[in-house]
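After this come two complexes, each holding chain A, first together with chain B and then together with chain C.
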Partner chain A sequence: MTTTPPTLEYGPDDAATPDDEATNLLAVENLQVQFGTHDGPVRAVDGVSFSLEPGETVGIVGESGCGKSVTARSIVGLQEPGEVVGGTVHIDGVNVHEASDRARRQLRGDTVSMVFQDPDQTLNPAFDVGEQIAESLKVHDQPERQRLLDYLHAPLFANRSDWRDHRERAVELMDQVGIDEPADRVDDYPHEFSGGMRQRAGLAIALASDPDLLIADEPTTALDTTTQAQLLDRLRRLTDERNMATLLITHDLGVVADICDRVVVLYAGQVMETGPTDRVLAAPHHPYTRALLECRTSRAARKRRVPTIEGTVPERLGEQPGCPFAPRCPAAVDACREGEPPTFERDDGTVRCREGVVFGEPDADGGLGLEYGCGETQCDEGDSSTTSATASTRSASQPLRTDAGTDSLVSLEGVSKRYQQAGGLLRRLLGTDRSLQAVDDVTLEIAAGETLGLVGESGSGKSTLANLVTGLETPTSGAVRFDGDLVGAAGTRTAATLHDVGVVFQNPRSSLNPRLPVAQVIAEPLHANGWNEQRRRDRVSELLESVGLSERHAERYPHELSGGQLQRVAIARAIALDPRLVVLDEPVSALDVSVQARILNLLLELQRDLELTYLLISHDLDVVEHVSDRVVVLSNGEVVEAGPTERVLAEPSHPETAALVEAVPRLEHSSQ
Partner chain B sequence: MDTAPYLVHRFGTSLVVLAGVSVVTYGLLFLTPGDPAEVILSQQLDRQPSEAEIEAFRAEHGMDEPVPLQYADWLTDVLRGDLGTSYYSDASVTGLILDALPLTLELAAASVVVALALAIPTGVLSAVHRGTAIDRASQLGALVGVSMPNFWLGYLLILVFALTLGVLPVAGAGSYSQLVLPAITLGTGMAAVLTRLVRSSMLDVLDEGYLDTARSKGLRKRIVVYKHALRNALVPVVTILGVQLGALLNGAVVIEIVFQRPGLGMLLVDAVFERNYPVVQGITLFTAVAFVVTNLLVDLSYRYLDPRVELGGDPA
Partner chain C sequence: MSVALESIASAVGRRYRALRTSRTLATFCANPLNVAGLSIVTAITIAAVIGPLVAPYDPTTQDLANRLQGPSLAHPFGTDQLGRDMLSRLLYGARLSLGIAVAVTGIRLVLGTAIGLLAGYAGGWIDEALMRLVDIQLAFPGLVLALVIAGILGPSLRNVMLALAVVGWASYARLVRGTVLATKERDFVRAARLMNVSRFRIATRHLLPNVAGPVVVLATLNMGTVILGTAGLSFIGLGAQPPTPEWGTMLADGRHHLRTAWWIANVPGVAIMCTVLGFTLLGDGLRDVLDPNHETTLEKPT
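Up next, the complex of A and B:
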């Protein structure tokens, strides 16, 4: 056994002894972190314990709001504005939260490093990348000789040769993390890097101190699949070479399966289950772990409902008895709601669940014999029969989709779009303007009633193509037709043609006006089409109901809703005028797995009920596979492959498609 | 965009601005009531001048020509670097400006130093210790500084430090001790505006993710704050500083009168009362040039402070 997690009241074993702290690289003991809110303190981390050995890779998984990031940040002492109210974190035997500023700096400069989630925010825009890596190297070399004027490169005060050396070493590091031509790029500023490159630079900053422990908080979430695969591969190689322990925070179980030795499953700030990755993913003991695995679209038959976890992660305010998962747990009994769940020690980990008492060992196929809140009848097949059922459900699921007619609703003929970069009169006169070919001679059709999936790496022209279809942009050459008529710029079209197309954007927080209540957000297109107030009000309540929201959401403002609820509002707005085509631009990529599943179910239902045609853009091939009839693969603005979804994703004929498919981290790889 | 074409473009637009300024100031002076020739002669002669005397004065200073022609003459002279001669003495306006300029520049520079030395540490401390007594005290100080008219502060300082304590001279110019009170008077008002700006700008920056990166490297707090945070917080501060330099010249007019410093401001005020038009026009034009140049420098400094800034945008 690699770890000795503490056991709470019912546990058979004793709690971790202080001796363990000396041998563990990282020991988190009963960590409790609170955030002050208007309603009182919220317990974001509520008694988390786990540990890491040198060289080990451990994943922390859970939905957003489960306390994953807060746990990770608390380990390096960045929990603010949260407050550590109990428990300890020891790194290399040093208590992080009781250590002096100096000792903590020493730890950060020497032993533990962190990679953050959003590559757009992790690098300082004001300094070039080389400087930011060099700084990290310098701190590591001389943690106690940090003079402000030296770090500001003030003439006479700065040690120039020192900085030059560190910059040279920064170039080496950039090379190691996979930044091409590092010597040329060392002087570049973060905004001149792509997202993937920035995340690599962030990794270089973290590795500069040659840490024993690397904490990576959703390091690949903001990246597209191909870039994610490259970064994970790099991470794995570097941790092997350096015998570095890694704590990986992620909501993507595929990523966990890919690189983690062990998993810690968090829910509502508590550890639900720990154990080796293979075992936890193949035979989860805790109902929550199982539910998380069930939500994955890749496990559900195409076009069928994905099982979901009903409800949301609760905010833990004040004392609440019982297991936090009980309200959402299909196996919960009265005892779960009343008393603290016991933590059971197993040979390979822990489970915090009364379940263990009731059901004991899981059955052969890893299931606990539980039914999840699948609702309706589409969720009939059991876990073990999923694969074999796929083929037959294709035909059986016909009622779920509209009859995909052969009439084309949208057609693109030789469409190209070029963007002027750094234009202007002077440059045009001098003939030095540069342009970017975003979409290059694309010809395709979208049939009425079908779902066309558009895939490709970031920058391949997916979003531009969608904007051309909606008329938000006009093609440089070629023709876009909707129902046979040429699509002009959005501004030049009549209301009649405009309301045939609805759009759902990636991030509902930025696509919905934060200053309008939900009802008004949804009513905007109705208003623009001259509906009177009574009709608008009726239509809004109808729409709220059809996207699974209730009247009480109507007067709320966007910031009072969760990401999933907001995306429902965005969908309601998109379908307000009964469009025939809905363009879905990464509709679920900003959402949690469990929420993703619910939105996908909603989209499938709406398509069936309203006979919608979808153009779906996504970098998540599981989502595309689940929803689309046909797939079009874009690369550098060109269509490189198109065809029925099963065929294209199962037997890709173009290397670009193969690379995309290959890059998807899947549970199935590791468990087979 | 590269710096060279950007500068060419900015130079072009600056010329348009300056041409506009010259037309407006020239035009406005001729719209003011009263005949300058009559006013000036009556002051010089201490009696009502005769028609002949006025005619002679006009002919001497080219005032008998139509206004557009006068403007054209003046402009050609200006382009040759000649701002004309004073109505009262034969001194050239360029010479008068150059004589007065060092005192004003000295005052402006000292005030900016005072303002920045006060505003940056106070604003940063205030933001870092948000909501504490330090924050509240500095905010109150800034409020007082913004609200207080600077001529009043000037007299107050004279009263306390010069008349009561006797540690600093009341007025005059030439020595550093004579610079202290005017610089403080002019600098504190500016400092108050900048302190609030540094504070709010720092508060925005302190939440940024890259500061977590900086902290997690093991950097000292001082370096995190004064290197990583402050550099990003300075962009809006520099913009306002540029605008404030204009206000500084306005302020100098008042302060130079209060402290009896024979600088550009005093020269201007005297010239206005005397209807010494060539001097007024010369100083106005000179100030406009100074304004345009400082704003250009401010824009150029953005690129250093925030490398993401693309200079110029679309020059067409």
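Up next, the complex of A and C:
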């Protein structure tokens, strides 16, 4: 597969494919995709061009809503319900959107494969994993023989020897993508696999057709860090071995640094910058790329404000002149808002920005001379009028740090939690009752005023431990003490204890009642505490201001707000009754990088203003490192390491911690 | 006082804005069948409400001189065997049929939702006991049970109503219980528990609004079957008694004159068919927009 693929069928009018592009496996030329809404067409992809050569790995990065996934889907002709209104996509010389259904199917069977984001939804729960990989193999081998009977898997009619043959190759593939003991797992159903394993199975299905081009749409976003590292490693090895070209869609620049040769930065459906990964990450030319890099918590000093990009990705409705990034761009001049930005071709990539004219060469050190995000909490929606009065008086240079107190607020003494599994009567009689040890003999203390970070792989018992602290679960053995008093389930706690603990859940969409407007969501704890109408109202406006939302958000319903705004509402609700402890269960992992930075800034500010104690659960070590004073590492429900953040993360003494630290994709790998 | 007024005003403004910008409404109107269902139901409701004002004759006044008249300008739908105007009887009948349907569905809905909510939220033995009660109710053939009840209590519209209400609530209870079980595991209910919100308030403010969608769909679909059931019981003489203008009774009257006066049976028959069709189409349309699985498309990206 190392040779240049032969040109299959160039139409006579195919002027868009000059000779020098014949070597490209994938050529996207000025692609435009629109979505019809009742406000008019929204331009999701607006003139994207790039190309891929065989064996190359290219990353597409950008915030959510930038058109990354739509671009990827359009390449294989899955843009529904969007509509391709302009431009061409050539794979192996075939124009995807003009090809017949048959030719397109053949392309998908032989040349292109796709790995999707959510491993839970890519596998069919009704068939075992081996069958699904085998199906992909079969389609590749005999694209013409897709008879109904073969698909009913009726033993009488299906060809057993073929079936066995495919099954064996499925086992081989499972081995290649790193599923342990594939021969035993081949008969398992998707629900018996963990998230990482499912994603590997999805990769195996994609690889079954031995594609020349693999499109991976956020393949590791739903996975925890260690699994992500393993999967990326596997992906890198496979692409090298097979000389496969990979198009990787991701919002994580760390992932890009890890495996991509080149990067395409998308914003509002337009290509902002392209270039080799090392160059783009070390010396980004475009302000948007620079801003994205700045947002990463790993770049900021601990407990200080992270620079943010204010505003959100615009929805491009109708004709809007100028650069789409101009409203959020700190370097924007009037010309940016009026005319289309020019695209500069350089030896190290392209950049679509007027700045090329104004500034010439950017600084070699990455050109971070511009100031981003001043010391203000601003609303996600980019309405700059919503400024927290308390926050704006503060200088950005002052460290946002509270002095950790010494008295312990929460203490867990030998706490264990077991769950009964599949406990039927028969099992109980036979004595084969299985139970799962979610948390095993954990002893730890949280001092007043500190931030304790709880890290570990998924399934290590982090959330269970948090639920034990909040009272959503009761320990099987051991004691949970709050301020010295023994506390149990939430239902048995006194009102005062309940007020002292606020909780922010991972997914803001599911943690807010979709049927209540924001003001009532925030007022809920106040109402439960018997506050009267007027007091509730005053407190709600105070809270809205302190989390950086404006009064006009108060009457909105949750589905009218963005993810970052919703998380602000959830935070406002958590601090409504002036709690002493706030349990943050993955508070930013469902959010975009730029929104993540803003929420973290808000949390740090609130902690300092209100003297809060945080219990922060996260699988993202960068976040934990940025916010926490102390870190506790959990593995299989046990505490394997605990200590000050700097010490634990810099010199991990337990292999589990070392593995976690190792797994974090860092930009520095490639640039140094 | 002014605070209360203000909050009412803001609530109204909120609803209006929600309705205006609602993609739900746009989705609903995108399918012409939904619009057709809504139009039929609206038309019948209007007919039922203003019927007595526009009906040209009294529905029970006999005019034996003009019996069995075919459709004409004076009697658009003809007259029956006692000379009563069919159009007037039809309009008054719509009041009855719709009224009974609303009342029966209301009783079923309230009873079923309360039981389902209690069972789903309380769990444990309360859940077991209530759900076995539901199973028992579902094990009886509905219409036969209604027949028995109406037979024992004696033929009258009120008894038909009771009979139909008693047999139909179980499906609501099951639906609500299932939705509550799913909803109570969601984070916002857990958050409410941690905020010391009382159980009653969690049930009414957090769980109930979130089960409303599927219940409304079921109730709409149910209206049609209740109208059919009422007409059926009246047809066999257990419901409305002559001379009450009820569609089922009218149908029963007309069956003796099918050869000579086809309109007597066909007019109420077509009315019943249209009403049931209207409610079914409306219910299907509502299912499309109120189903929780469709809500994901209404969300903004992060």
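What we mean here is this: the second predicted complex is superposed on the first by the 619 of 672 C-alpha atoms of A that agree within 3 Å, B and C clash if a C-alpha of one lies under 4 Å from a C-alpha of the other, contacts with A are read in each partner's own complex, and residues count from 1 in each chain.
Convention: contacts are C-beta pairs under 8 Å (C-beta built on N, C-alpha and C of every residue); 3 or more make two chains touch, one makes a residue touch a chain.
Just so you know, these numbers come straight off a predicted model, no measurement behind them.
Trainee: Looking at the combined model built on chain A, do chain B and chain C fit side by side or clash?
Mentor: Chain B/chain C on chain A - fit side by side.
Trainee: State whether A:Ala326 touches chain B only (first), chain C only (second), both chains, or neither.
Mentor: Neither partner.
Trainee: Is A:Arg105 contacted by the first partner chain B, the second partner chain C, both or neither?
Mentor: A:Arg105 contacts chain B only, not chain C.
Trainee: Scan A:Ala134 for contacts with chain B and chain C and give back first, second, both or neither.
Mentor: A:Ala134 sits against neither chain B nor chain C.
Trainee: With both complexes overlaid on chain A, does A:Leu634 touch chain B (first), chain C (second), both or neither?
Mentor: neither
Trainee: Examine A:Val96 and indicate which partner it touches, taking first as chain B and second as chain C; both and neither are also allowed.
Mentor: neither
Trainee: Classify the contacts of A:Leu600 with the two partner chains as first (chain B alone), second (chain C alone), both, or neither.
Mentor: A:Leu600 sits against neither chain B nor chain C.
Trainee: With the two complexes superposed on chain A, say which partner A:Arg573 touches: chain B (first), chain C (second), both, or neither.
Mentor: second
Trainee: May I ask for the angle at the C-alpha centre of chain A between those of chain B and chain C, rounded to a multiple of 10 degrees?
Mentor: Computed from the C-alpha centres, it is 30 degrees.
Trainee: A:Pro525 in the overlay: touching chain B, chain C, both, or neither? Say first, second, both or neither.
Mentor: Second partner only.
Trainee: Looking at A:Arg509, would you say it contacts chain B, chain C, both, or neither? Reply first, second, both or neither.
Mentor: second
Trainee: Report the closest approach of chain B and chain C over their C-alpha atoms in the superposed model, as a whole number of Å.
Mentor: Superposed model gives a least chain B-chain C C-alpha distance of 6 Å.
Trainee: Which bits of chain A are touching chain C when the two form their complex?
Mentor: Per the stated touch rule, the residues are 38, 64-65, 470-472, 490-491, 495, 498-499, 501, 503, 505-507, 509-517, 524-525, 527-529, 533-534, 555, 557, 559-564, 570, 573, 577, 590-592, 595.
Trainee: Any idea which chain A residues touch chain B in the complex?
Mentor: For chain A paired with chain B, touching residues are 73, 76, 78, 101, 105-110, 113-114, 116, 118, 121-128, 132, 135-136, 139-140, 143, 146, 148, 151-152, 189, 191, 202, 205-206, 208-209, 422-426.
Trainee: Residue numbers of chain C touching chain A in their complex, please.
Mentor: Its residues touching chain A are 3, 10, 13-14, 18, 23, 26, 186-188, 190-198, 201, 205-206, 209-210, 212, 295, 298-302.
Trainee: Which residues of chain B touch chain A once you look at their complex with the stated criterion?
Mentor: 1, 5, 9, 208-210, 212-223, 226-228, 231-232, 305-308, 314-316
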